[in-house]
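Heads up: the structure comes next, in structure tokens.
Note that the chains are named A, B, C and D in the order they appear, and that numbering of residues resets to 1 at the start of each chain.
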Amino acid sequence: MVKVTVWNEYRHERESESIRAVYPEGIHSQIASFLKEAGLDVKTATLDEPEHGLTEEVLNNTDVLIWWGHKAHKEVSDEIVDRVHQRVLQGMGLVVLHSGHMSKIFMKLMGTSCDLKWREAGEKERLWVMNPSHPIAEGIGEYIELEHEEMYGTHFDVPAPDELIFVGWFEGGNVFPSGSTYRRGSGKIFYFQPGHESYPTYYHPDIQRVIVNGVRWCEPTSRAYPVYGSSQELEPIKREVLQ
Amino acid sequence: MVKVTVWNEYRHERESESIRAVYPEGIHSQIASFLKEAGLDVKTATLDEPEHGLTEEVLNNTDVLIWWGHKAHKEVSDEIVDRVHQRVLQGMGLVVLHSGHMSKIFMKLMGTSCDLKWREAGEKERLWVMNPSHPIAEGIGEYIELEHEEMYGTHFDVPAPDELIFVGWFEGGNVFPSGSTYRRGSGKIFYFQPGHESYPTYYHPDIQRVIVNGVRWCEPTSRAYPVYGSSQELEPIKREVLQ
Amino acid sequence: MVKVTVWNEYRHERESESIRAVYPEGIHSQIASFLKEAGLDVKTATLDEPEHGLTEEVLNNTDVLIWWGHKAHKEVSDEIVDRVHQRVLQGMGLVVLHSGHMSKIFMKLMGTSCDLKWREAGEKERLWVMNPSHPIAEGIGEYIELEHEEMYGTHFDVPAPDELIFVGWFEGGNVFPSGSTYRRGSGKIFYFQPGHESYPTYYHPDIQRVIVNGVRWCEPTSRAYPVYGSSQELEPIKREVLQ
Amino acid sequence: MVKVTVWNEYRHERESESIRAVYPEGIHSQIASFLKEAGLDVKTATLDEPEHGLTEEVLNNTDVLIWWGHKAHKEVSDEIVDRVHQRVLQGMGLVVLHSGHMSKIFMKLMGTSCDLKWREAGEKERLWVMNPSHPIAEGIGEYIELEHEEMYGTHFDVPAPDELIFVGWFEGGNVFPSGSTYRRGSGKIFYFQPGHESYPTYYHPDIQRVIVNGVRWCEPTSRAYPVYGSSQELEPIKREVLQ
């Protein structure tokens, strides 16, 4: 059974009554809830726990980590970011949601500013499937419609994704590469744009389906970890040369 | 005219007589020399100059930066690395050569360990063209043969390249993705594997040709720098909602 | 100087008065006109000429072919399609415009149905730049706005492009991968979606700029054409075995 | 359970005693045998059966088709090729092995000549994993070594793959993109180079493992088939214009 850890900053829900009305137990609890229903082994972790809830032991027992953060990216300690980074390179999957695009861990993995355009106007978004044979789109129709979502608009300063799964159409005139995959080291990464804290996005069955699909796609692939460094020859070398 | 700055660590050539015999004026001088012959506007910079020779003024007057480093990656200051990183995201081209794969700037841009297998055995390498219509392969035949090169072997822990131009065959039994392009922010990056300090690789006409082609491919594209942040709607939004 | 041949079906403009009002000399003449202003060496060819104007001699003297067709795709002879196909694989560039997505030559190069959604409602399109450092986007701002264009909507049944340059936002709620590059054989291909016959799209300066950039990007790369077939060994083989 | 049909030309094994010695029941039977052991639902089909064994009914009951052909590509009827092509675009997976690179179906899907260099010298091949987190490499070490294989050498005239999983090193000095994935329509395609008829390649446990992994990766993704053609607007359009 895939072991998932859902990490959430968990500040908005405690500080704002209107956000708490949408996610009374926090965004992480709502995400954990539909992942459990899908048969996954789910734990949660939050910023204000010791080591942000991401101890060596927790990470060593995580196949796929989900990341939701927004206003407190800078409070995540560099040590923990390095620890998560190492685990991704070693094969742990990572699903980065919405405003997690500016998290330290995503920026470190992408190597770019990860900046974008945004607008909080409660506008309509329609997420179009661009890659109909991809397992992350499994069970989804031609598009997902969200009555209200924060606009995230191109240009999104990330590397060209390995695979582009969704493109978002926004009522206010923008588009966005809303679902993308990346491989870094031995780890797989899925970025998925929807999920502003003030809208009930994570209650939408298609959004849940995509996140479950994304977790399954990010599962580690078991094989020998690549060996680096000085390496003996596998075939004879004609060493006529060299001082 | 494209303005190129060739950056070199410039330690091997000063510390080792046998290396100095190959590159008496330093690797940077040899690279600068054939770039000048190709009609480019070339300057050089080295590690032990103030600010490693990469002042704000130098970088602001650089279209494409070439990077060669090996044994002193850690001596490059983080401040200068951040400066170069910013310039790449803003559009400056970057050509990373050989052991530059473990430079701080390349690792920061890739987001991975950039580790690989290596062997210093003076073995033969044959660089096969994988993308015959790519301008970086312009004028090159089916392959380039190097009598003696350090082996760099897969797995190379970098993101899948946007374009794979060369694959290296090594006498000792290994292969390597030897020429690759990446786009990061508004900047273009070309990584090219050959060029160990103890072999006369940068005197080889085809290697020179590839580096000149790479510099031209990395030239900045002139257009408005993308605008990020809060953004007004371009089309009317039906604002029925929102608390 | 890059030698361009602009191919047009040239039926709409002769059969419909309203289309002729937009392109009195045909779409090919309007495209040829701005390509000439950009300093290119331009010829035209149309469906009803002998061999559709694409004789061996014409194609052998073409660096980049532009293709506009719509209602008479089936009237293009298979023999000429094979001839163009061969030339693309040998290195000739190909720019496919708008409804050319269902031309025999594009379908043959893509290997898929090339089908899509469409709607002729004169709606607004906004073409967003997705790849700001790409030379095809040179000189373009963040987006191009067209007051009226035919909607082309995803899903577009083509292979994932090598590079995605533009995504189109349509007023009626759709998105489209509007500018894409592909390499096939030694040839480069650029598909660009705008250009319905009933709107003055090819008079728009930014659209013209993109097509000129696309032609330059598609220029053949001069190098030895790859050699195929039976091949002698380059290194000794230990032939202990076999027969 | 995934339904696999293994298609084989089945001529070499009947016409040549030495080939028959390697694959007494035909290559298809050997492949079917290890796929069954892996728990797949496997049938076979061969060239000389009616409709080459690929009736509408067979294809409609096939999730993934495996293709091995060599000397009789031209005897495969265009009608059957079109039928297989349609099924791939609708979602059937396709695993193309070795000399299947010049089959009509692979060429039609790629849109290129699919030509390459070859040499039948019984030389050693070492298949290096280039994408360690890919499920097709699951359970494989850093490389697979084959004592004797036909050389297939770059340049391989196919589109740049969506994912490059293996690169082959050949004793005689060549390299080859030996394992590649492509998506076409709603179908997934995996090309895998090893498997010359005169060597016991399909008895090698790692080769078997890769083919089983490839079949699983190619499984159809269940979702609504994309809708093409004329399409109503999803959002109101300001229709001031036109006619």
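Assume a residue touches a chain if its C-beta (ideal position, glycine included) is under 8 Å from a C-beta of that chain, and two chains touch if they have at least 3 such contacts.
Because the structure is a prediction, the values reported are computed rather than measured.
Colleague: To get from chain A to chain D along touching chains, fewest steps?
Modeller: 1
Colleague: Farthest from chain B in C-alpha centre terms, which chain would that be?
Modeller: Centroid comparison gives D as the farthest chain from chain B.
Colleague: Averaging only over C-alpha atoms, locate the centres of chain B and chain C and give their separation in whole Å.
Modeller: So the centroids are 32 Å from each other.
Colleague: I'd like the Å distance between the centres of chain A and chain C, where a centre is the mean of that chain's Cα atoms.
Modeller: 36
Colleague: Per the centroid of Cα atoms for each chain, what is the distance between chain C and chain D, given in Å?
Modeller: 29
Colleague: What positions in chain D touch 2 or more of the other chains?
Modeller: 124, 126, 129, 131-132, 142, 155, 160, 162-163, 171, 173-174, 183, 185, 226-227, 234-235
Colleague: Per the contact definition, I'd like the list of chain C residues that touch chain D in the complex.
Modeller: Result: residues 18, 89, 108-113, 115-119, 121-124, 147-148, 151, 153, 155, 157, 159-160, 162, 171-174, 182-185, 198, 226-235, 237-239, 241-243 of chain C touch chain D.
Colleague: Touching chain B in the complex: which residues of chain D?
Modeller: Listed in rising order, the residues of chain D that touch chain B are 126, 128-132, 142, 154-155, 160, 163-164, 167-170, 173-175, 177.
Colleague: In the complex, go through chain D and note every residue touching chain A.
Modeller: Going through chain D, the ones touching chain A are 91, 124, 126, 129, 131-135, 137-142, 162-163, 171, 183, 185-188, 220-227, 234-235.
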